[in-house]
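Just so it is clear, A, B, C, D, E and F label the chains in written order, and each chain counts residues from 1 on its own.
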Amino acid sequence: MRNIVVTDPPRADLGQVAKLGEYGVATVHEAVGRSGYLGPRLRPVHLGAHISGVAVTVLCWPGDNLMVHTAVEQCRPGDILVITTTSPCTDGLLGELVATSLQARGVRGAVIDGGVRDVAELHDMGFPVWSAAVSAQGTVKAAPGAVNVPVVAGGQLIHPGDAIVADDDGVVCVPRAQVDRALGAARARVAAEEVTRAALRAGELSLDRSALREVLKRTGVHYVTAAEFARQTGG
Amino acid sequence: MRNIVVTDPPRADLGQVAKLGEYGVATVHEAVGRSGYLGPRLRPVHLGAHISGVAVTVLCWPGDNLMVHTAVEQCRPGDILVITTTSPCTDGLLGELVATSLQARGVRGAVIDGGVRDVAELHDMGFPVWSAAVSAQGTVKAAPGAVNVPVVAGGQLIHPGDAIVADDDGVVCVPRAQVDRALGAARARVAAEEVTRAALRAGELSLDRSALREVLKRTGVHYVTAAEFARQTGG
Amino acid sequence: MRNIVVTDPPRADLGQVAKLGEYGVATVHEAVGRSGYLGPRLRPVHLGAHISGVAVTVLCWPGDNLMVHTAVEQCRPGDILVITTTSPCTDGLLGELVATSLQARGVRGAVIDGGVRDVAELHDMGFPVWSAAVSAQGTVKAAPGAVNVPVVAGGQLIHPGDAIVADDDGVVCVPRAQVDRALGAARARVAAEEVTRAALRAGELSLDRSALREVLKRTGVHYVTAAEFARQTGG
Amino acid sequence: MRNIVVTDPPRADLGQVAKLGEYGVATVHEAVGRSGYLGPRLRPVHLGAHISGVAVTVLCWPGDNLMVHTAVEQCRPGDILVITTTSPCTDGLLGELVATSLQARGVRGAVIDGGVRDVAELHDMGFPVWSAAVSAQGTVKAAPGAVNVPVVAGGQLIHPGDAIVADDDGVVCVPRAQVDRALGAARARVAAEEVTRAALRAGELSLDRSALREVLKRTGVHYVTAAEFARQTGG
Amino acid sequence: MRNIVVTDPPRADLGQVAKLGEYGVATVHEAVGRSGYLGPRLRPVHLGAHISGVAVTVLCWPGDNLMVHTAVEQCRPGDILVITTTSPCTDGLLGELVATSLQARGVRGAVIDGGVRDVAELHDMGFPVWSAAVSAQGTVKAAPGAVNVPVVAGGQLIHPGDAIVADDDGVVCVPRAQVDRALGAARARVAAEEVTRAALRAGELSLDRSALREVLKRTGVHYVTAAEFARQTGG
Amino acid sequence: MRNIVVTDPPRADLGQVAKLGEYGVATVHEAVGRSGYLGPRLRPVHLGAHISGVAVTVLCWPGDNLMVHTAVEQCRPGDILVITTTSPCTDGLLGELVATSLQARGVRGAVIDGGVRDVAELHDMGFPVWSAAVSAQGTVKAAPGAVNVPVVAGGQLIHPGDAIVADDDGVVCVPRAQVDRALGAARARVAAEEVTRAALRAGELSLDRSALREVLKRTGVHYVTAAEFARQTGG
């Protein structure tokens, strides 16, 4: 599957992706059945960004960003570049110049299971990046790889054309075929949470709202006073 | 000690805790004899917060926040939730909904040896969190645990009712019985530092103020010129 | 080489260092042939600082900052303190008091392969630090070490008097003898990038500008449609 | 895709897998185009084992091995259990009792992106395990998951029925449809290496055999004497 | 609590500890309600050892083993030295000379949340060590600490006099007051496992023996054929 | 300093290096003033080897072992290959074929701040390796680097021609000019330790032999009974 560029992968509908992107990463992750989250290693360099778009995937050799340059040509407005490497690598696989080129083509940001550099410049130009590392270390352009093949980034399988949502909680990937369903589920979840939030603000307890006292009982959790606890533990 | 909720642990005096909380974490850590610091793994998600309060402790199963929900009911104004797990876990054990409930009860923030999610929302609502990870990954509510038993978080033993101070340097725990002594020591330390700071600003050296030249002499540190050093190392 | 303080190491020319410091860390790292970068472990605590200066090196025993205190006396305006330890250590080797003393002598910031504390205060006083950890944990002043000897920090050999540039991408060290050459190379690189940036903004591709299509051909990268790819992979 | 057990996934041909298993992990990884390797985090607890078989995949909740118990029923002679979790987990997901059950059904070993326990007993009974951790920490059996769905373990996508080879170098996965081709490529590679090995033993250099001197020339590597080098670097 | 040596902490009964030590770490950990396990970071340097004894606790400053030397005098036959540091440290806190002294006093081994050195010699002399690191790095003897105070090692609170069991699965601590109960529970567990093992060997499934099919049903796990699964996922 | 092969670096005297190699890594590290140790990250794959020799240094691009192949030609009997990369890399930079070539030239083993593969084969052929990782992941031969220039591996500066000693405690580097002095110091240390060992075996305490009771007194360590300690801590 290496050494290949796929030129026209089907993409999730940008309109639907935009609607999904109105929800946060945690909500979307829940909406697709608690899957697709790229984990706590991939963090925004600067807090405060929230984007959504469609994945263009890139598979690089460690220390080499030839395929990032190759991927630019495959990008369209609304895309998000998702970069990973064949083995762990913290080098700066993307910097301000490539981002300039990506931005010129309408790309909204990048997700990198690896490193990024020029982070101050990227922030100034409004090109948000989620990555596993920040590193000024440069790369060569010598070893082949792939663009728009399925990749694993952040422990998740990502197909080109999948929807990506990223915010301060990290990055979530929604398979193209599940975007509509995810959108529906996110809406329903947020509506339900609205009601719950009001109740919690008013002092109701999730123990009662979610029938968790039963779970406590079933699993043997019991309540004791501090005095009883001290007696039991000989304290 | 598992599967238990202690309902009324004695708490450190909130007035004294508030006074202690006027000092930074590094100062308090020094004031209690350089102990109680939860280490560099537990970081604020957003810089700039500084809180103090009294620990309500929570012990969860990994991937499960049943006991966080259970703990809400045990919280009072001035509390800080201290959450840990029985084995390492980065999942988002606390999010915006639970925080809403906690805030409604007067809880001032949370310390999590694990993950947190909805960090943008938590920041907006003024509920600061110190944690080992940020993760959108959701949890189940199925396995029992404990509330208000002694726990180890960040490598430190924490009893319910202990004082907690947290700022950009991390989190420190002061045992309930030591709050008064810590407060006195912190005051004395800060007063002494004020004098030292003025002297250092005026150009005095800590080498002289703290009699460190003697230590250098006793441990065999000697001064050489660059020329001598080059001769010695054959450079 | 331990237990020694070198009093007058030759320093890179501050005027030249200041000119070099107008460029970012990634540019300088490229300008010296992609070397000298202290890696992604050493991060600024607060984003947004950009400094340059001349290294005063410090080698400490873990858990002990005696030599940081010793180093203050050796500092001059334009210096940057570069602190490392003989074995891995996350403790707060430098805090606000020492920084006050350093600032009084004209030191511009610190680079620590270890921990720092009082980070809120350091930010307020305008003393930027790049470090491997933030930790309130205090240190003793008992074990000897060295000042202004060559050290390895962030995996890089650093001599006292070398030029240091630090920004949001991390820290780079330029050997004293290479500052002039680095400055020339940085200027040339930035000038060339200016032209490239304009071309990329206008929609040109680095694939074409950098003759990378040849590399793709030589290494066997080929283009396929999504339909062809699906056929090949039996999808 | 969660909460599901697939009962009869097509499996790679055991005869062909056995032939592939005569080769080491590094050879097989090369034979499939340098893909499918589960990385350096997954290590054998005891060195010296070398197995091959067909993947039965298991996706568990962290701290919960319900689905490992569920997977046993789906196992056949020649299978290898491949266990992963929905978020990082080091707990002992498999121990001697489950292994006894697996061995009774002809399972040859296990690959765990997580923890294992009873490792002395497992070694005694000849049930080899490759894992990310050894941990005595027990698990609950409360949260749902999946058996025989595609999973990501060690950063690689693994389908049930894929071929697995594991030795002291780690673990490699070969997609079911590629086993025949991998076998052919492994044979060819080993035959070629036999010739190379003899030549190298006789003193020939890979620089010459593989035409690497050209690469050195093209990329600008030049040879200097130590004296010249010292002159250049001012040493 | 620092700067103190407690001379005569009460110790668990050595006879009972020896009986407990006939069981493995995983069994003992289960017998005390799945607590007390020092986690996967603390590993035996050489596989194959299995010891039990009573904890003598040591708290060292990083890079300093003064208190290890101090602890020797407090040791008695049947003791196991449990060493930790006030902040993370990988240095070799114990080597062959100290072990010679410990062995002369009847100490059975050591558990170190830190580093150990001379590991070949330690293996030859039959002094097993579980540690977080192997490191030749030497330490000084300058900073104070404590012996036989409660410490946290491997994330667990350990009191002097507690029972320690260690094998290839790691290390578990059983509070002194719980040794008898743990022994009873371990016996019962092993007896029950004997029956289970025979059943599993005979082909019975834990799904049936442990009534797990009900859990699967309750949590919504369902069974599908591969053909159905392919239909559902559009594969 | 990149893109260069130094052909004839001066080497430490093999006879002296052999004598130094009769001592363990911990002893040699002490003999050179507690420096030169490559740290706990670099471990032997198989325990039990103990070698000494002279460093041939290699600097590779991550994911690329072109310079390892280039280095073979520069090797002589008694050499040890020391391999590092310009940024962190776990790939298998050396395997059985290259080791065959190295062994044919009299090379005694390898030290790799990176990965190694074919570890079973390397063990069978008696070619010991100390590395930061074991990984079957293959590399390309495309990017330039250096042979026999000074490198940093395991956090230590290593010059070609320096003496290397490696055993189960890890790896130590002794600068060429210090081998004689190190040998003398190692001999003296071992002789002194022989006397100490006998004394310790006879029951003497290092507290007394090394005058450590004074240090305890000076740093304020005091002795209390368990009863007193309980009173003080309110236990």
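Things worth noting here:
As a convention for this text, a residue touches a chain if its C-beta (ideal position, glycine included) is under 8 Å from a C-beta of that chain, and two chains touch if they have at least 3 such contacts.
Remember, predicted model here, so these are calculated numbers, not experimental data.
Number of steps on the shortest path from chain B to chain F, with steps defined by chain touch: 2. Shared numbers divided by all numbers used gives the overlap of an interface; between chain E and chain F this overlap falls below half, so the copies present different residues. Note on chain placement: the centre of chain A and the centre of chain B lie 29 Å apart, centres being C-alpha means. Chain A and chain E have CA centres that are 38 Å apart.
For the pair chain C and chain E, the distance between mean C-alpha positions equals 41 Å. Shared interface positions of chain F, defined as residues touching 2 or more other chains, are 1, 34, 39, 86-88, 90, 135, 137, 142-143. Shown are all chain pairs that touch, namely A-B, A-C, A-D, A-F, B-C, B-D, B-E, C-E, C-F, D-E, D-F, E-F.
Note for the complex: chain C touches chain E at residues 61-64, 86-91, 135, 137, 140, 142-143. Across the complex, chain A is touched by residues 1, 3-10, 45-46, 66, 69-70, 72-73, 90, 92, 95, 97-98, 100-101, 104-105, 115, 117-121, 123, 133-138, 141-146, 148-149 of chain B. Contacts from chain C toward chain F in the complex involve residues 1-2, 33-35, 39, 86-88, 150, 152, 155-157.
Residues 24-26, 29-30, 34, 37, 39-40, 43, 47-48, 50, 167-170, 172, 193, 196-197, 200-203, 205-207, 210, 212, 215-216, 219-226, 229, 233 of chain A are the ones that touch chain B when the two sit in their complex.
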